[in-house]
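Structures for review follow.
Common to both upcoming complexes is subunit A, partnered first by subunit B, then by subunit C.
Now for the complex of A and B:
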């Protein structure tokens, strides 16, 4: 297993409150890593440290290293560059309502200013196809991104992140706001994505973690309690907390 | 008990409704009354001067010749230019404030902006007259006239009190209005969308350009109209700094020449005016009212048209 992300002694704070405590983990390349744990345990904070989004929150502080292919994203790398390499999909679909469906997909590429109009439109189509949205929206490409259904919006946001051709894609409970059918589509998509990229996905649903992930990280009160292959975590967890959590005996 | 209570509330409800209706009627009634008063008092001037009131350049009470065009032009030009100049400055300040100013300085900054908006206009007038006018005369007007005075727009002599100074003062008065509203609007950019933009590698300024400003656009249009309204109707400060010379821009195009506006002409002349001149001054006021209403109407239809697309 090739390591994509090497997280070393990662600590994160909101003002005085420490949200992550000494997290050390090696995320493998081209696999799906699920992040699970009770509410408030630091899952979102953890992935937001990986694309330097954590520091945008007032009072936020980070220490430690996050090596992306060996290079520390908190070192000399430009945060904008980090975010282009490490894409993100949020809990609530957040397409840009002031842009059309097609423009939403290439919103990040447009910022680069290196693509021609024709190329952008082709990339937009291609990424809509790869998230399985093309057939549903091909007649509505000019409509606002906010005019789609919730599930479609979330796939649009995935297409938007994928269009950047990211090396890692972070997903914060991407299906928690969606109906079962849309959730199934997202899960299919996640499984497919690992052929191209490294996926880290937060989920509150342990069955979902079991279904779609190769590796699972269990967090509790800001600490990484256990990190292992998903099969091991679910069949023979080493830590009692992990076992209690996956068997649903606490939050 | 219960029935009585609800009956009581019903009575209170309908009383409140009548109270509101009465209030709205008073507002409408006041507006109509003012309009009719202006119109009625203007009638002698309207009869006497006819359309030449709108095109005439001469204001000569001794010979009963009244043309309002220089004042109308002065009003429109000074207000429009001041507002146009204020737009980029205000938006720039607002962007700096929301995205770049250190959190601790924000409170002081916003206090200052609010204070600037609340300063009585006579104070702007005194400040413009005593401090800015001499400063501008020696440091702006004279050097520019010296360098490019051959261009009619910048030709001399430098008076200090001028349409240019009036525009500068009006710009300073309008900026806090547009800035305060724009700050309010920019700070309301939905955080999830902002984060979405930033997660794609957008810089702060790209996030503002592609998200903050498009979201605020409608509100900024409204703020600009509000500012324009203030500039159109501003009297005291303009009267004090514009130099009150009646023929600009028909006496020459220089922005450094003294000029007049509807409000400053009325303020300056209404005290001693009698007979037809008084009526003519009120006709000018009527024209100002029509201009303000038109600005209001245009802005409303503009806002309606842009908001039809479902998004500002």
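Now for the complex of A and C:
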């Protein structure tokens, strides 16, 4: 099991409030890691520390190391480069409403680089296919990204993140705003994604974590309580808190 | 009995509202009717296309558009940049609050003062002596452009600020630098609001006379350059209406009609442009 992300002594604050306390975890490569825990336990702060988005909030502070393939993303790396390597999908689908479906997919590449039109259009098609959206939108590629349904928009956002060819994809409750059918499609997609990249997904739904993840991290009050293979977490959790949370007794 | 009295109150309020509305609308319709009636009396093709020296207002129409156009070239970019700064960069800090206060004050300065400013800075600087003033349309454009900055700035700031942070975060997560996010995502999404604000600012300065009176002054001839005195509809109306000659007063009405049409046309364009594309219905 190759380690993709090695998080060492990670602490994070909002002003005086400490949101993450001494988190140490090794996230394996090309697997799906679920992050679970009750509201306010630091799940979102944790994944936002991995693409350096936490520090953008007023009053935010971070200490510790996050090694991506051995290189500390808080070292000399430009935060913009970190975010190109570590993609993110948000809770609420957020396609760019001023761009077409096709342009949304390659938005990052288009805004950043000097790609040829032909290249962009091929990348756009390919990524729409890999998120299973191609058949649904191939006739509407010129329409605004915001014209799609919620579930389609979210897959479009995943395609947009994938088009950057990221090493890691962070997902912050990507299906919590979607209907069951769309949720099922996102789950299928997440399971497929681990062939290409490393996925870290926050979910409020413990069954979802059990269904799609290989590893599970349970957070409580800013601390990483338990991190293990998903099967172990759900069948024989070592910590009482973990057991109580996954069996629905609190949270 | 109780119900009846409530119904009576209802009717009373309805009638009161109607009367007050009518009281507001009647003078407006009166003005519009007056301008159309008196203005059309002056209108014919040669009136609109020949210069003042030949009894028309053509050079004043062109002058108004040239001066306004120059004002836009200067006022819109500065206004957009100011709005962009206030919405995306200057949320806090002493500089941002200074910019904010300056923009608010600028919008409260009477246009006459802005005209005097343009006179004092440009006209006097360019003049050989106190008896030989060099009047120029560029100074008018400066004064009108200054008026546009807070109008365009506010419109830009507001239409950028209402854009959901989710969109900004999407761009951040793609590793897109802030200036590209701001211009190619946030400003691009807000461009309808910016355009609307700019058009309304254009309409607003089209009626301003004071800043032109002692900057562009007036001319009886077609303009041959921008760094010279230039006729405008506003100054023409001002001069002719006060002249006392019936034929010039008629021409002033004609010019007023044209000016009113510019403003109405812009407002209609804005209306059509900002009309929601999809009707909401349940």
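Just so we're on the same page, the second predicted complex is superposed on the first by the 251 of 251 C-alpha atoms of A that agree within 3 Å, B and C clash if a C-alpha of one lies under 4 Å from a C-alpha of the other, contacts with A are read in each partner's own complex, and residues count from 1 in each chain.
As a convention for this text, a contact is a pair of C-beta atoms (placed from the backbone, for glycine too) under 8 Å apart; a residue touches a chain by one contact, two chains touch by 3 or more.
The shown structure was predicted, so the numbers you read here are calculated from the model rather than taken from an experiment.
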Using the overlay on subunit A, decide if subunit B and subunit C clash or can fit next to each other.
clash
I'd like to know which partner A:83 touches here: subunit B for first, subunit C for second, both or neither.
both
Given the touch rule stated above, what does A:192 touch, subunit B (first), subunit C (second), both, or neither?
neither
After the superposition on A, what does A:96 contact: first (subunit B), second (subunit C), both or neither?
both
So, does A:138 touch the first partner subunit B, the second partner subunit C, both, or neither?
neither
Can A:238 be said to touch subunit B (first), subunit C (second), both, or neither?
neither
In the overlay, answer first, second, both or neither for which of subunit B and subunit C A:129 touches.
neither
Return first, second, both or neither, reflecting whether A:108 touches subunit B, subunit C, both chains, or no partner chain.
both
On subunit A, which stretch or stretches are contacted by subunit B in one complex as well as by subunit C in the other?
51, 53, 56, 80-81, 83-84, 87-88, 90, 92, 94-98, 107-108, 111-112, 157, 160-161, 164
Within the complex, subunit A is touched by subunit B residues 103, 190, 192-193, 195-203, 206, 210-211, 214-215, 310-312
Quick check on the complex: what are the subunit C residues that touch subunit A?
164, 166-167, 169-177, 180-181, 184-185, 188-189, 191
Name, in rising order, each residue of subunit A that touches subunit B in their complex.
51, 53, 56, 58, 80-81, 83-84, 87-88, 90, 92, 94-98, 107-108, 111-112, 144, 146, 157, 160-161, 164
What does subunit A use to touch subunit C in their complex?
51, 53, 56, 80-84, 87-88, 90, 92, 94-98, 107-108, 111-112, 157, 160-161, 164
